[in-house]
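Structure provided below as structure tokens; questions to follow.
In this document, chain identifiers A, B, C, D, E and F correspond to the written order of the chains, with residue numbering beginning at 1 in each.
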Amino acid sequence: MSSYLEIVKRSYPRFSGVHTFFRLQQEKPEHIKSNALLCGIPFDGGTTYRSGARMAPSRVREISALGRGYHPQWNQDVFESLQPADVGDIPINPISIEKTYELIEKHIFNLAKGKKKILSVGGDHSITLPILRALSKIYGPLNLIHFDAHFDTYPPAYGVEYHHGTFVRHAVLEKCVNQVFQFGIRGPFVVKEDIDFGKQHQIQVFTVDDIKSKGIKILSELPELIKGPSYLSFDVDCLDPAYAPGTGTPVIGGLSSYESQQILRHLKIENLIGGDVVEVNPSYDHGDITSLAAVSTLFEILNLMV
Amino acid sequence: MSSYLEIVKRSYPRFSGVHTFFRLQQEKPEHIKSNALLCGIPFDGGTTYRSGARMAPSRVREISALGRGYHPQWNQDVFESLQPADVGDIPINPISIEKTYELIEKHIFNLAKGKKKILSVGGDHSITLPILRALSKIYGPLNLIHFDAHFDTYPPAYGVEYHHGTFVRHAVLEKCVNQVFQFGIRGPFVVKEDIDFGKQHQIQVFTVDDIKSKGIKILSELPELIKGPSYLSFDVDCLDPAYAPGTGTPVIGGLSSYESQQILRHLKIENLIGGDVVEVNPSYDHGDITSLAAVSTLFEILNLMV
Amino acid sequence: MSSYLEIVKRSYPRFSGVHTFFRLQQEKPEHIKSNALLCGIPFDGGTTYRSGARMAPSRVREISALGRGYHPQWNQDVFESLQPADVGDIPINPISIEKTYELIEKHIFNLAKGKKKILSVGGDHSITLPILRALSKIYGPLNLIHFDAHFDTYPPAYGVEYHHGTFVRHAVLEKCVNQVFQFGIRGPFVVKEDIDFGKQHQIQVFTVDDIKSKGIKILSELPELIKGPSYLSFDVDCLDPAYAPGTGTPVIGGLSSYESQQILRHLKIENLIGGDVVEVNPSYDHGDITSLAAVSTLFEILNLMV
Amino acid sequence: MSSYLEIVKRSYPRFSGVHTFFRLQQEKPEHIKSNALLCGIPFDGGTTYRSGARMAPSRVREISALGRGYHPQWNQDVFESLQPADVGDIPINPISIEKTYELIEKHIFNLAKGKKKILSVGGDHSITLPILRALSKIYGPLNLIHFDAHFDTYPPAYGVEYHHGTFVRHAVLEKCVNQVFQFGIRGPFVVKEDIDFGKQHQIQVFTVDDIKSKGIKILSELPELIKGPSYLSFDVDCLDPAYAPGTGTPVIGGLSSYESQQILRHLKIENLIGGDVVEVNPSYDHGDITSLAAVSTLFEILNLMV
Amino acid sequence: MSSYLEIVKRSYPRFSGVHTFFRLQQEKPEHIKSNALLCGIPFDGGTTYRSGARMAPSRVREISALGRGYHPQWNQDVFESLQPADVGDIPINPISIEKTYELIEKHIFNLAKGKKKILSVGGDHSITLPILRALSKIYGPLNLIHFDAHFDTYPPAYGVEYHHGTFVRHAVLEKCVNQVFQFGIRGPFVVKEDIDFGKQHQIQVFTVDDIKSKGIKILSELPELIKGPSYLSFDVDCLDPAYAPGTGTPVIGGLSSYESQQILRHLKIENLIGGDVVEVNPSYDHGDITSLAAVSTLFEILNLMV
Amino acid sequence: MSSYLEIVKRSYPRFSGVHTFFRLQQEKPEHIKSNALLCGIPFDGGTTYRSGARMAPSRVREISALGRGYHPQWNQDVFESLQPADVGDIPINPISIEKTYELIEKHIFNLAKGKKKILSVGGDHSITLPILRALSKIYGPLNLIHFDAHFDTYPPAYGVEYHHGTFVRHAVLEKCVNQVFQFGIRGPFVVKEDIDFGKQHQIQVFTVDDIKSKGIKILSELPELIKGPSYLSFDVDCLDPAYAPGTGTPVIGGLSSYESQQILRHLKIENLIGGDVVEVNPSYDHGDITSLAAVSTLFEILNLMV
């Protein structure tokens, strides 16, 4: 174990201190040494129902003190092997989605351009598009593994091109992503046509019905190994509201946290270069269970990055 | 899509406006055109433990703005095909169950007598008896599909004939209902004799044990098609408190929201003429997840009415 | 009493029914008869700290059912004398403040152009600027009576011209308003220069210190009658967080609800043509006490409009 | 100090044990030795807005463990001087107000007939009428000291004679009470006529305006000593919602808890034979501050009983 | 039915009265007649993350009023057959774990020495060690059936020997327990070495993975009958946070309440002489669902004691 | 403005980033440059009623982002003039008050020995004693300005010398403090003798009655200037529960936040060398108003340190 972590773990209770993600060393963007970077992106200006996801990075940092390091399935301590760091929050503009998109794209590009792995905590799901733009400039088109209750391929709303339900459509059309895999999708839908975009673009959709009826065996329908640079985006509303009440647009009939863990623990991804956990809304959470689900998911993603 | 819905969906965010159920057109009881009517019945004077279900219609209306119309399994938009309307709340008397029973029976009779379908949001489960009285005057004895943790065939309590745990007993004895099917029942019970009424009256009981062990296949024990006029009453406490904390008399070890959806989506009912969702208690809810479960159940019932 | 209100008051409990402001008749924007119009403006995209004020019109409508009509000081029932109506929510764009400003200005102008009085429920405080723009096109420059913990004369933040702390600055510079009176202001401030704008533009500031030390007598420093068309904007954060916890940027050491009532009940305003209550954030409220303070303030403003 | 209390205070933390009011000895109704009896009356079937006051006796018992015994103003330890006991809850019928009224009247009469002092925790305010009926059978007409935001002289609602806003009217007309003093009343009112009953029956009303403007001096308008048997009924909604959010029909602009203490500490009552604290609704409370205000008020009333 | 229970069940609503566990007769430690004793142990001074479990006995007593007596699987009413009593709370010292350990060991020994069965409600999990010390003095080494997310075999923390994660290690090393069975364990772990203690001491571990993949069949890996004196300790964090949010150190990916019930209902234990339910933390609970899970678990344990 | 603060204030919204107190520069204990140091002391093992104050430093750090720097009364920006830093949390032992006392005394001594000013955030009030021990070793006996509802001169409880209500007694007897001034004290008390210690030791007590009746003029009873090294300890329960619900042992009838501000703004202290804000308990708070009151008090104390 790194001596820094050793000291922290022994001397201070988990509830103590200035909270970074998983009590990791904090690195200023201008002096980054680590190759795996966690950051917050506290923007909720793309939300169409309950706002408040801007508070998620703070709360997830606090709750992540409960995070433990040794993963029995992968037989590794990811904090030792990856030595990740918390680089703080990406600057965003709480009023303007356009300015925020520019800021995210620029800063993520700068952080990741040395092929450092990036793991972000939203914010609403609109933050993923500028991340994908930045990363695809570095890596070319990415595989996208996408957990969500919703397709996020929706058309503009109220005459606005970007909102928290459009990033997959834009990412596909802009060729930031290549093959898309979706987990946790469930109806009802606004209109029947919501299903069409995915079909047209060969998105491989694993609905809740698929996952509940077949279990983990469903992953045999995936390629044996997802090759090339890949990105994993986890919207906590893929979980049932019993497991993730603190989110902006909850949908009942979702995954349990165990089911999401099982999928994450059985994915075979050659090169996971980035990821995010989004749509945690602390003001609708209770007992911080949604933040805790986010923390555990961040931990699983870090393990997939090794 | 109907032009009304089109306008609503495009111009206003879901959190906006005067809230009717599912953002439907409101109709005054004296000028009703629709054939499928949603109403609130905000009475909680029959509650024996936590009161507060009177606030459910308000909260369910607000949260129902999250409702979406296209059901992929039934391949229909129920708001287009049924064109349902919100007729407001049935007048009730918050102090007197007797006066409330008269009011409910009279008003439901008047709303439904032209064979309009009626879907109500309680209130506690005591509201279902006067609804069944009104509807059986129109249709004769009904089939009753009943989701609940409890039998609701209990004897009077504290010397009072009517409370929220007696409607099935009265409805059977008064011959408002004919065949009864119960889903989600689970022990412990107050006394062993609680089980007897159901046995005596050929109530077909599907306990949580039955449902958890056999899954959706259990529905093969039902008639292939439930024929004749039927009514569906959904007490949210059939769900586990993890999925429906906001209710008056919660019982652990219940159904998940997905399991309840699965049953609702596989029922074969010839003529569902009415239904209700009861026992939502917003003051014990969090993140409005119980109200959201109620909204989704209302949507499934509407789909069964087509 | 008007027969409409009579029926409503007698037949339905306060918690019952589709909720309009104060259980008033709802009027569609295209068929407006009333001369005093209440509307919601559920926009929170100008918020710089806790978002969520978009949910305020819904919650305020629900709680306003507790509103009663007879004001003993003014000896009038404002619902009888003004016959106000609820015209629903102004369409807004939850993603874009620019588009929202256009929508608010256009719709408020259309509602108010026949010199109908307009009372709005925000949303964050950024909504007041386009209202003032619309109303000053109709009436010319207005007097502004402004309750707030903050000056709202702040400079752009993060390079964005408009946010929830800038409306007074813009309204003054654009000459939408003429004389400004502020109540409830208190420090600390971000920088000393925050005080300068008000001084330069002869804004009459009544700080919490002024009000606490002199009480209602302080109103003698106002003109005997505030003449000409006037507008009253009430940010609930003028109240202490004990009285209004559910708000975006609370500041301790504020007014009690009684103190705010006293000021509102002793203002002498010749022609109050519009008003708003803003910055209610239900997701940080408890027991709905902030919404209830908003309801009572709306009632006081209606009384000042007679 | 009594040896019982001594042991309790020293050995067990305040949060520990089976909770009786103020950790007092529990007495079964059939074996009562104490002359000052505390009881719960958990009935909320008279509530016209937010139900839930039935849970108050439980929560108030729990929080009353924080109660301390020595009152510096009266220079006494009321638990030593009065030796009060907790006699449990009066049996009530949660469904029927009529049956509940019979039960309360009968049981209170039996408890009090030996001129034992009775202090009750509601429940909603409808419980006070049968208490007054019982006590006036023993003592004849009583003085009533009444803290409330509302007159509670209202007419029947929805055609029902009894609800939580009518007890003063009935008590006056039935001559259970003689002189009535009201503290904390504030508008607005439903109709102007609400004021008339009090005027006709010489009720002495101290509004919030009176109390805020004159302070404790206002008590000089009372008789120097309130003579004869007296009863004190304290509705927690006399307090501002900031101090008592957990109540059924809150009204802003109310008393602070300090102001209510000041009045209670300066009343001169010759013979206070009973009292109650009502309308605590724990499901709308937070941090149990309303229950704590109730506990402190119970303590002040006990001190007035010595 | 015993006449005591009969009276209680008929005359008083469940929310009424001074709350003992399951509304049972209260017995003072000095006059104990029952052979099955429930007690509270409100100590949370061993907690390493969220404190507050000291409030659990109070809340569990309140919610246990919802408990019902007839268990359909065992075909018995445990309150009739066992006639258990509530003996109040064990005196603890909220400041000192050492003094508390002495107090618990002494009092549990005194209560149990006549081979009375003891069922305790924590408090955090540190309370179990002194209970096991006391009981093993009476019975010799016990079998331990242990439900938990954590091994509780951890080393001292911050240089302190005892905390809420060490009781199994001490109990094994002190030979208070013999064979240990653990249910609900799940990673991640702090360090890989956390797994070693269990392996060295032949602890039979059933992880969540085991239980989720094999279901109730997993119990065939247990001895056909667990012989000799046994103790069952149930940490509510074995449940997923969706089912038990109110706990000190929650871990996602846990058991559902139904899964825990299934295990409890299929255990074959010859002589269950004691048990506990620990780590309920009411200040992080909502809708009291964690307390309700605790109540139901207490009921299952009582049934296993018959 | 310092360039560090300038950047922070302009580029990042207040809800963004790794949270230090007031968004100040973080300094590691081994490299301290600043002369005014803020630290957390998250210990709640001395609490006798509601535990949970250990979470206060985290939450206060988060909410302190709302803090603004320019104080109009003192006409200074304390962050510029004092240039304070956040030195993280003092290591504590959550299980043992004795070990924690050693840790606090040692670390505070090391931080303060160069006569750096120290401002701590508790934790419960037991943390103040070891701070005073450390500081009096450096400075000799201190003046103590103490805000509290309680005297904190209580005897040992349950046979334990130290708990959160004893620090003043120990500090006086150990001669860590010299002259003590108490603000906000109010009854009832446990026993009459609680008052004696203060009288014996010439503690100058300003009760709530004193403050409410005389207002700020009461400060004329203080020395014109409090000379010599002084320490200010602020227990948030000096505030009324309406203003500070999130605390361990609330007492109604307390100060308003404005009244506490007024006292703090009018104190004349020659040399304030340290202070603390204690007994914030976030798990009983709502809308974070208690944390916000703590933040504002920290700010006032910083201003008194200049």
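Heads up, the rule we're going with is that a contact is a pair of C-beta atoms (placed from the backbone, for glycine too) under 8 Å apart; a residue touches a chain by one contact, two chains touch by 3 or more.
Everything numeric in this text was worked out from a predicted model, so none of it was measured.
Shared contacts of subunit A and subunit D, meaning chains that touch the two of them, come down to B, C, E, F. Superposition angle, subunit C onto subunit F, using Cα atoms only: 120 degrees, a multiple of 5 between 0 and 180.
For the pairs A-E and A-C, the count of C-beta pairs in contact is higher at A-E.
Greatest Cα centroid separation from subunit D: this falls to A.
Once the centre of each chain is set as its mean CA position, subunit B and subunit E turn out to be 37 Å apart.
Subunit B and subunit D have centres, each the mean of its CA atoms, that are 39 Å apart.
For subunit A, residues touching at least two other chains, in rising order: 11, 13, 15, 48, 50, 54-55, 94, 158, 240, 242, 256, 284, 286. Pairwise, the chains that touch each other are A-B, A-C, A-E, A-F, B-C, B-D, B-E, C-D, C-F, D-E, D-F, E-F.
Interface residues of subunit A facing subunit B in the complex, by the touch rule stated above, are 48-50, 158, 187-192, 194-195, 208, 212, 240-242, 245-246, 249-250, 252-254, 256, 284-286.
Against subunit E, the residues of subunit F that register as touching in their complex are 44-48, 50-52, 54-55, 93-97, 99, 157-160, 162-163, 283-284. Subunit E meets subunit B in the complex at residues 1, 9-11, 13-15, 66-73, 75, 77, 240, 242-243, 256-258, 261, 286-289, 292-293, 296, 299.
Taken together, the subunit E residues at the contact with subunit D in this complex read 11-13, 15-20, 26, 40, 42, 54-55, 57-58, 61-62, 86, 88-89, 91-92, 94.
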